[in-house]
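Chains: A, B, C and D, in written order; residue numbering restarts at 1 for each.
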């Protein structure tokens, strides 16, 4: 309420109480002021009531909520269902304008403010998470893959002659399709060999990359497309070296940082890469890093004008839903709350590693040694494989049925064709990884209980399979009914 | 509750009442059954309680809501903010899978069902709205422009050599950018002349189109990109003829049907075009046709496999938010409710035409005669232009300030450069339309009060400007402060 | 947002848009100002967004929502469940203080304001509905019966010697218990005869009332307890005459106006009664008159100090929930919306009367002639009674099973004992009403469809019973399974 | 969804996923089954989604939500505002029936179930909290005071001749008014002396009570009305001895256990009292014990039939809102969650005691020694009193202004008249307590931060007052502006 209304209230309720109420309101306003002034994620999270007060203030500024508005256009932010209006806090106009997803909308000052502030708060969090020199970013209501596509499309305008993307292999469909959609041949799809096996780890084969660059000619290469977060035993690409190479050959460099914001190591790699060499943009998923629903990503970079160019490439308005989700989440958590989540994740990573190690040794397997992967772990399944041919895939089904989600089982020698390109050893980022294995990850939001339950259920499954295996040697095969798709949909990345 | 729980309840509350309660539950279940069985929009709208019951049933089926789930993956549908979880009805996993936005997610049976049903219900509505032979469609969480881009990208895989899109001029930025993003030259950007002036109307110049096709060579043309809904005096393209031409020359045909679902005329054009010739896909905005928030579109077509190809082109998962909005809305309205909205729109179109006509004649202007445009109307501003140079643009500002939204003013001779291409006479779909004018539209959800208020305020503005004009002739120019952008953001289309 | 924050926003989003947003905010503030200033129900209903904005402003003023509050008391408005906090808009402190349910709470300026405004708005509506000279009222979170009890308890302090309440018979349990709870003998429970049969109507036996007064001695009488809204063929009491009598004998007069606010006739009776004689308080249900959940009532009167006395009799704080419900409802409807509801109710009353009349004559029954009852109607069931002994009660069960709610069937000669007092002819307000009958009412919120469906189902039931009756004469009785309680809970009033 | 609908879903989404979804649904159903079967608070709290699923299932069973219902009664559960419907989960019919607040409603099987289950779950919690032999209880939508009134009114029917209530003094208005409302003289209001000073504590003067009983005659006494939770230095009444006395003299015994459920000591006293003597009913506040909004209470006792008698005394239906709040809260917390809250409260009580002790000694005051009071503490203000006459009351104002809520300051010699009865030394439960003091309490839901902040602010205030006091001795008095009511509304109890 404004001061006039507080004044009137004093006639109804004792003025000292009203004055205290008005002062209480000011403390919410102060938080909002701070946000508007600094454009940063608040240190301490806001209460739900401040968040909702703020959102209702924004909504009031959009023309569809004007009390005296009359609309004779074709897009007036009218909503047929009050359930729908309510769930969007009556912010209906989306974000952006035809020309630019970051543009201000005359009809929707509140939504425009929401958009600006979200991008600003997210930029702050990227800095806090380790990429201190990031210059600009924006939230886009598309998942990581489509966001990478947008980056590639933008680069095409800059490098019309380029025909290739250099891509250290990473076995995630959307990642590969992001390139295919743009209609380029990715050189590496021919070789499939440029991940080096170092100990248990699969790491970037820098020599192979440089060889490809010189073979194809730098001017024919749209960009290098590297990856940070990934499933073990693959580890994050050697970003520093790749970035230096890109600088040397004047080739753009796009980093798929899908769920890397949650890991200081991944963020550090990007920061270092940009410092010593060239990174044009890095793209990360909203849902995987910020615990919001699927469907948004952040496109970020070190050169404001290039990021603006990408934002102008998106033709038309867009859903404000992912922006709204991440803004609510970050205001509610505050920077401290988010940091707390990240440090818990790190702790649980150590717990998971330790528990998997014990479990592995109890079952005659071992935890693969992948120190460069800060999120994902892998446990060998050699013994299980030896047990029976089907056991490895059965393990996947069994875990699915027992509500262990996210654990994925990688058998040997899987072959997969995507848009005409065949990958041998698919899912393992390598044509012939030495052993089958099981992945588990400690991602943001994980709880200790997830680890305990997973280990317990995994233990049971392994014991059951061993018994069945023994039985199977002397008797007919016992087949598990039910779910047959061992991959559980986790081989992919949005 | 299941029958066991109803049974237990009978021990607490008299069994005849519980049995009636259980029967009442069945009537909600019957509605859901009907939906699952038929995949059609229900005739009568559902109550909010059925809608919410249904959504909570879907949510329960997603793994992030499993009571005993343990998650050790990198994407587990965890949500940090309960505000966010709640507003999405705890449906967190989005839609689709890496390979295909229409694919089923193992982790999210409920969200998968939501996705399937939404597409199916939307398909039903497209049929009801006039495109009876539509074969397939899907909702995509991108606005119309980006959705068109996706269609063009898909066509590129089919026609790798094609370099041109034939596009009867329509002055909407996102529309043009949708093509630019894909990196094609659009032949017509050279000429800007292929809209024919017929009376007051601007219509497709069929001869020019055919000439371009033969000049460029059909095999070099990616597609014809036509438009239905548009601002008067531009009228919907001659779809029948264009479709026939596409069939004749074997050129794909993509229709931008942005807000055309709400008009039986636009839908009829598409239906006829597909019957007599070739239409590969038609794209429409969710928000403009279904009164939901900005950010979604429907890609539809007559060949299931081509539509599937487009859906597979989207690399990765996507936000379920637009699907959820449109499903809630259509279940709430029911087919009858939606038809009712459309028939009210049509009535108000007639009212608006009549009122504008009277107003125009009172001010010495005239309502342009554009019978082929079923949604948008235009009133000449010749007199105002004569009054003073600035008057036309001032009118735009004044309407904005007076909360008349969606009315847009088109001055003469505006020039605009988009991505390096210059449009003369921008906003008027023509290099030299004979007069400046004002647009107003009757779009779905409009109320009689919108018309009344708009006419009243417009009348006042025109009177004020006339007075000022008279004053200006004898005294120094009075300048209006405030908003200067006359276009009010309405020249564009998302 | 305050002006400082709007100022800061102008740095992020173009200032003309922000200024328009800020102006839009002012229009909500204006509505709130008007409410605070006038304390009246707004003419036009508020939008949901204004209502929620206002409630969140109120909540911000309560100490449990202060951002810097620390609480070391035993009642701090803490809430364990966010579902609960949310559904009460974080208004947790209830209303009133130990001494007075209308008192202001130092810890809760917002809730206090809510309480004051609700009472003020409700007072306005009572005036608009016909009791123009009402002086004061308050909402109490108790149903009508308990609210009447509170009035009687208050009167006892004024008339410590009084031992009797004069009560023209009305067969509603809670009504009777409201008196029993206070532990008085109600004189009429001895006679049960003071409703006069005039035509079909049962009306106040004024002579009997006066006789009782003189017999018992005015000083021994706590009050006359009369009733307006009631089931036909009982009609509202002759309030004018009763009020005059009360004035003459100096006896307090409490009116049970349970669902009378919705009827201009009932309200007129009260207004007239107060004008010509004495009415100390009149009590009405919130849910029955204002379409809110069960559990609140309004105690109103013509002497502010007496109403205050009652409010001070309530020992302690109370739930704000009914106040919140009725405030939201009245702000949303506006005075015009409420009047509209009332006029629709009246129309449907006529429709119901007409339809029942036709139906009755088709089945050889008749609509009882009860012109003084503006809400409830009764149709004779003589023929049905003749058919078979059980038919009348079976009709009740059948209607219940067919989801006709609120229709109640009154058999002959039902006897009921309440707290030791036996009523002959219970439910019919009379020891021996000439015929059994069925009641139906047109209450606020009723829709035409309710009438149509009810008549259709009633017709079917009557036909079925007739067939069964015929069958029963020649064969063994067919018993209906299921619900046996014919009263359907509608004999009572909260 | 029922099995048929799950079956249909399998045609749309792979059956193994649907089956898992259906299994997930069953786990929610299992929780509900357990609740229905046992009627106990679940050990572990339910997730929000289970709670909401359950509530929506209940709502579906109420006739106002029947899809085919037609209503022709005067109370049909219609709701005008969707905001209101939603916030009550569409449970509109309230609880109870005319005859009995615990009765089942034919129109509302869901609400009836809600009512039964709430009472059952609450009973379970009372047992867990220490009153193991409690036999019956019900939630009533009235605060503690009015609920006590209802108990007294019920007793009047049993003891029509009784004219007195024996009441060991406790200075809380609503408590006293609860008796006055029923219109009894409370014997002790004459003497005001029956609290004994034992050390710093004020305890029940058992001899005085017994003397009064014999003087007045047991048959003239309605009941003994004792108290557990109270402000220090008053401590809980000696329930065991009072209960024995009541048994001996055959006098009913009602215990005001306002916020005693949260303290095992208070609950133990009641359990012991009932074991060795007589307790007819004990009444507790919902909000103070269960962190829900103000406005509900629990009436409980050891004899099912007496509790039923009280519930039948409430004339009419009642609001379901308090029942709904406490049910949501207890299902969400689970028994373990609630126990956790209680144990945290106990810990913080110790912290508060320790911190107040240190603070007191730093300011030359002392923490009063009141070991029998498990919730409330008191710190002397002798020094402050010596400083200046106004200082004690000023401290109250200052704490209010600094958002320390719940801390109350008790000056010496305050006199207050309530309903004609004058209390000397009001607020201190005694005519002449030796010193002024400040109260602070550790109530359920308190956080460590509350204590820290309170101590810090209190320290500052005391320092400021000391300085002012010193200044005042040599210069004119500095007056604090603002709030003057030192009691801050905390002298009372709802």
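To be clear about the criterion, contacts are C-beta pairs under 8 Å (C-beta built on N, C-alpha and C of every residue); 3 or more make two chains touch, one makes a residue touch a chain.
Quantities reported herein were computed from a predicted structural model and do not represent experimental measurements.
Participant: With chain centres defined as mean CA positions, report which chain is farthest from subunit A.
Facilitator: Computed centres place C farthest from subunit A.
Participant: Taking each chain's centre as the mean position of its Cα atoms, how many Å separate subunit C from subunit D?
Facilitator: Measuring from centre to centre gives 29 Å for this pair.
Participant: Express in whole angstrom the distance between the two chain centres, defined as the mean CA positions of subunit B and subunit C.
Facilitator: Distance between chain centres, rounded to whole Å: 48 Å.
Participant: CA centre of subunit A versus CA centre of subunit C: separation in Å?
Facilitator: The separation of the two C-alpha centroids amounts to 56 Å.
Participant: Residues of subunit D that touch two or more other chains: which are they?
Facilitator: 17, 20, 48, 52, 63, 66, 68, 82, 105-106, 400, 403, 483
Participant: If every chain is a node and every touching pair an edge, decide which shape results: line, ring, star, complete or other.
Facilitator: complete
Participant: In the complex, go through subunit A and note every residue touching subunit B.
Facilitator: 48, 51-52, 63, 66, 68-84, 87-88, 91-95, 97-99, 105-107, 141-146, 148-149, 153, 156-157, 160, 172-175, 177-178, 180-183, 229, 258-259, 285, 287-288, 290-296, 313-322, 325, 328-329, 332-333, 341, 352, 375-376, 400, 403-408, 418, 440-446, 449-454, 457, 483, 485, 488-490, 492-494
Participant: Going by the contact rule set out above, which residues of subunit A touch subunit C in the complex?
Facilitator: Spelled out, the residues of subunit A in touch with subunit C are 1-2, 4-5, 8-9, 11-14, 17-18, 20-22, 24-29, 31-33, 36-37, 39, 47-50, 52-53, 56-57, 59-63, 65-68, 82, 85-86, 90, 104-106, 109-110, 112-113, 116-117.
Participant: Quick check on the complex: what are the subunit D residues that touch subunit A?
Facilitator: These residues of subunit D touch subunit A: 16-17, 19-20, 82, 400-401, 403, 482-484.
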